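Chain lettering (A, B, C, D and E) follows the sequence in which the chains are written, and residue indices restart at 1 in each chain.
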């Protein structure tokens, strides 16, 4: 019995060794320059608590790639097809770095995209910069990502602080329009990089607009109960409650606010969890009249938007979210750059990104114009405010602000019903 | 009733018992005497199935029991009162007794046995609801014996019932054991207190360093010069 | 006979040394070198944990604290004061020692499970703390946003290289030093004391061993070594994310897994465990990573599960058995 | 020159309501061998544990070598020069015999080489050379007992507390062990031993102290003690009368 | 009055923490194993409960009748096939660290298996009472949490009675107090271990049905409650049932009340601080006795 188990273990170990070596050899042979295929890499959290977000990003890319390939691939490169290699970061920076190294040196990808979390983007973009391989950052919004003087990093997403700036603008304009003076704001945020970044921006923009922050409440991202936070908000009673949350805590907060009947002038979310397709499933009717900021909405008044979202919904069974749209539109920006570069040569590709000025095609669903500044940051990344409203008895995210991109015929509910009672 | 043939046993890599053969007949009372660490407890634990033998056979009537798990052996009516009493410290006296009666065979007779035990050991009846560990050493020993009796033993094995008890209590314990023997329960008693044990039994074995060094009638053993010198200090 | 064996061992070791030194010549792909570097780093971290966890038998499940201390202190000193990491790492090590004593005093009286769970709680607390601190005086900590190492390009003084090769040799040296330290400790009075108190605290005290002090010393050495591992991690990854540097899943439990799978309390067990498990994990992520969500971690867990069930005292026990069989055959 | 090495003054310890050792007074002189006997549960091992600091006495003092060592932790007391063995032997199972003894020898030296030297000497004296590289967990009971003594001896104690080291040995082994203990005495180690094997105790000890219910019942030469009626009643049983 | 609501909420959450910790403390008390898979098994219970609820629409509290036995079987099989072999092999080891690591590895396997099978989405059972509150005089509590409080106390009570009044319960306790003596009394110790592990796991199903109406389910949800359950059992004393409940309530109250005066993240720190303080003063926890270790 003992002997047998020993053998099994040694067999197992041998197998692992052999296969690892095999992986090495296979890798060396596999880096052939097939003109018919352009290999790209994507780093996403495909396991761990952020896996759902990684999944939708993967699906959006897959859909775009299928379309591009079906439409003849990259014409300037003889109809070369895009092949995407997905790597799992587990949401862990060190793994992200390791995967970036692998994608670049082992898979020999022409370009990397990804990677949802800013925490993973920060170190993994550094790897790409070191190897001088273009890194197309579609979702992460941490300000610093494009503020480090890197040459090969291009970001499609807005900067975090831009969102908080837009939220402040929204509050001021509403206060004026509906003549509801706003004096105080409460901030509730999950205590990760994202929340802390948002708070820094709020602390800059809100006082500038004459608003006083009366509550600043961080909570652990994996909280089992947020009732204490809600009760505290009830006690301090700010005019506006602004939140940064992932989906689980967003839902938990929403429901708990409803339970304890907390009624400020407005609840404003900061995308992320509030924009997650499952948020409404979890929070139910309690989410009604909550505001959220976003870069894209299914009903947003932009070209191609509705059609693509419909295709996505048919394919995967649920609607896109802003992250999916960025991932999807990003693929078309990349396609555009590849067409112009006519090569996977990193420097040519980089030049193509620098020269990008895309004003047509499916990328329109995200922005009417895609153009990067000298830091690689997308200029004028679009931002909209939407509100959860019941339309024909069904809860929907209705884009309400700015007016030119708002859903046709929509109406803002301001202030929150019952506020001030 | 119990036959052991050429048994080797121990734990881990150590063989404590070497080539043990002995037998206990129905209704008999047999002592195994020996010093601390001579392997007495190992022997009882091997019979009870807590240790599995390295060699040899153990038979109860015509069933071979080495390699049966402990609870199967208890089911056959081979019940041990372990060394150091080992009652369940956080349970009441009553609960301790009822654990003894948890076997299907014993459960049916639990009520009857409980009466018998309380009759035999009235102290336990008085203290039914006391928590085990708050009782004195002597009471705990009584409880351990009572608990074993609840399991309907055919062969009762006692491991050092005198351990840690004052001389007076030792006598009381042995009186109780004598009463149990009257109930036609076969008893195998393992003791350091050679005098007391051999005084009660008819027959005995001497265990020394893992071997059975002597066997015979109790009187023979008590008068053996070697025993006198080594165990009785004479 | 003995001499012949000695010769054989020397040749074996020399051969191994040559192979290790030459690895960067053959492994030219940075990704593979990176994987090898991570393997050695894990082997080193497991070796460090083993001092307290294996030798002294104190199941610390919070050693991520020390990697974090090493990494953070060094990076903070470098970023703010420009202090070379080569000096900073000793300050970081000293801080880790201090913290290990602060944690050690209240916890080393705890036995078994209580100690293990206490270390879990402490490390969770420390993670929350790091996540919440933005700045300490003029030092930037970065809170949950993490701390970026200022990059200065290729510089020995700054412990930053554009090639992977220097990292390889540095971690190799660190690992060899770690193994030597472990071996020295094992053969010294401290080593004997630790194993003795692991086996039986009362008996250890009876032969004059100060149980608490020896545990504290072992804890301090382990913390110091672990902190150096943290420094290396910081220099290699160049970005510190609290949950990654200090976290239970990514740091603390990994060290324990590797040590136990390799063989706790031995000198080479943790090395074997560290290299093997990081290879296994890298390899299955390589093959299974982009596919079905969770598949590769599922397989990883399964492999660890099987090894523990089949070989609870560690893989190194297999080598011992092999050696025994060989020597038996020779006689 | 009757030099008092160890003195217990009114030593008392209570666990809960139970008084395990009650106002115990006794002396051990340098170079002497004293036996401590009494029925199981009389408090002998508890008394040992009070001396070496495992328990803190509720009252009373322990004086060793003219120094009050009451309440010191066990390791400090060991360093003062008191070695002890455990009734239930406690070898370090995953260490070899040599390593076990070395762990004891390290009290007096920090050098591995020296510790090995001391351990080898002790090992030879205790007749354990042949087991040198065996794991302690694989030893037989008598071997473990000897290892237990060797470990304590390696700390170079002035006073050795032996807790039933003869129990479980056969007569031949007892004889060997008695010789061993006697040679320890000759080497200048003072002995205080708990023992059940009376013959052997008498052969070794000049003086015997009898405990019962935590109190001293009698004290004297072996002959005096075995002749004491109270002792006979409490310990040996009326059968001996 | 706001403060009373805060206390009520703390009590409810605390009782639920205690409920999650019950199985942990049972398994430790009987087998001396810290079960690191407890969180993953809770996740599994929640998954099963959720899918049953989604499929049938039956009140989740009633579903415990089905989920309980399922989880019992899962626990029983885990013990028999995974833990027992290692426990047997490590019989002579004083602290079987390998078993602990085994449960940790099991947690990884379960979590990722769930990810593969159920996917990574967050789900929650939206019952009629999911967002309603109950007003008891001036105190408002979330209905789901309040029911949770009642069910948790009820479960702890029933569990206590089960251990003290039934034969199986007594056998389990006897095995925990002295497994050799228990074997000598005819108790099948390996089977009792498996049963204890099974019950420890089945208790999680009660926690699961209590949680799913107001807390989301996803493969990593175990981690949220795991560390808390650890703290609760150590605080209350490993192996003690009243300890688990009391420990849970203490943690719940600290979290709830603490958050009114400081940031929620700092409250988390406060919990760890109180935990260490208690251990420093009483190293075996509030109700832990030396007999339990």
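Here is the rule we go by: contacts are C-beta pairs under 8 Å (C-beta built on N, C-alpha and C of every residue); 3 or more make two chains touch, one makes a residue touch a chain.
Predicted model, so just to flag it, every value in this text is computed and none were measured.
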item	value
Count of contact steps on the shortest path from subunit B to subunit C	2
Any chain in contact with subunit B as well as subunit D	none
Farthest chain (mean CA position) relative to subunit C	B
Identity of the chain that, by mean CA position, is farthest from subunit E	D
Inter-chain centre distance, subunit A versus subunit D - centres from mean C-alpha coordinates, in Å	73
Chain centre separation in whole Å, for subunit E relative to subunit B (CA means)	41
Intercentroid distance (Cα basis), subunit E paired with subunit D, Å	48
Whole-Å separation of chain centres (CA-atom averages), subunit C against subunit D	43
Of all residues in subunit E, the ones touching two or more other chains	92, 112, 115, 119-120, 219, 223, 263, 265, 268
Contacts with two or more other chains, residues of subunit D listed in rising order	93, 137
Multi-partner residues of subunit A (each touching 2 or more other chains)	47, 51, 54-55, 191, 218, 220
All chain pairs that touch each other	A-C, A-E, B-D, B-E, C-D, C-E
Touching residues on subunit B, where the partner in the complex is subunit D	12-16, 35-38, 137, 162-167, 192, 195-196, 208-209, 213, 226, 229-230, 233
Residue numbers on subunit A that touch subunit E, as the complex places them	47-49, 51-52, 54-55, 191, 216-220, 222-229, 231-232, 234-235, 247-248, 251-252, 255-256, 258-260, 276, 278, 281-282, 284-286
Subunit D residues within the subunit C interface of the complex	52-54, 73-76, 78-79, 83-84, 86, 90-95, 99-100, 102-104, 106-107, 109-110, 112, 115, 151-152, 154-155
List of subunit E residues in touch with subunit B within their complex	92, 164, 167, 170-171, 173-174, 177-178, 180-190, 289, 291
Of subunit C, residues touching subunit A in the complex	29-32, 34-35, 38, 128, 131-132, 134, 143-146, 148, 151, 162, 233, 237-239, 241, 243-244, 250, 276, 279-280, 282-283, 285-287, 289-290, 293-294, 296-297, 303, 306-307, 310-311, 315, 318, 321
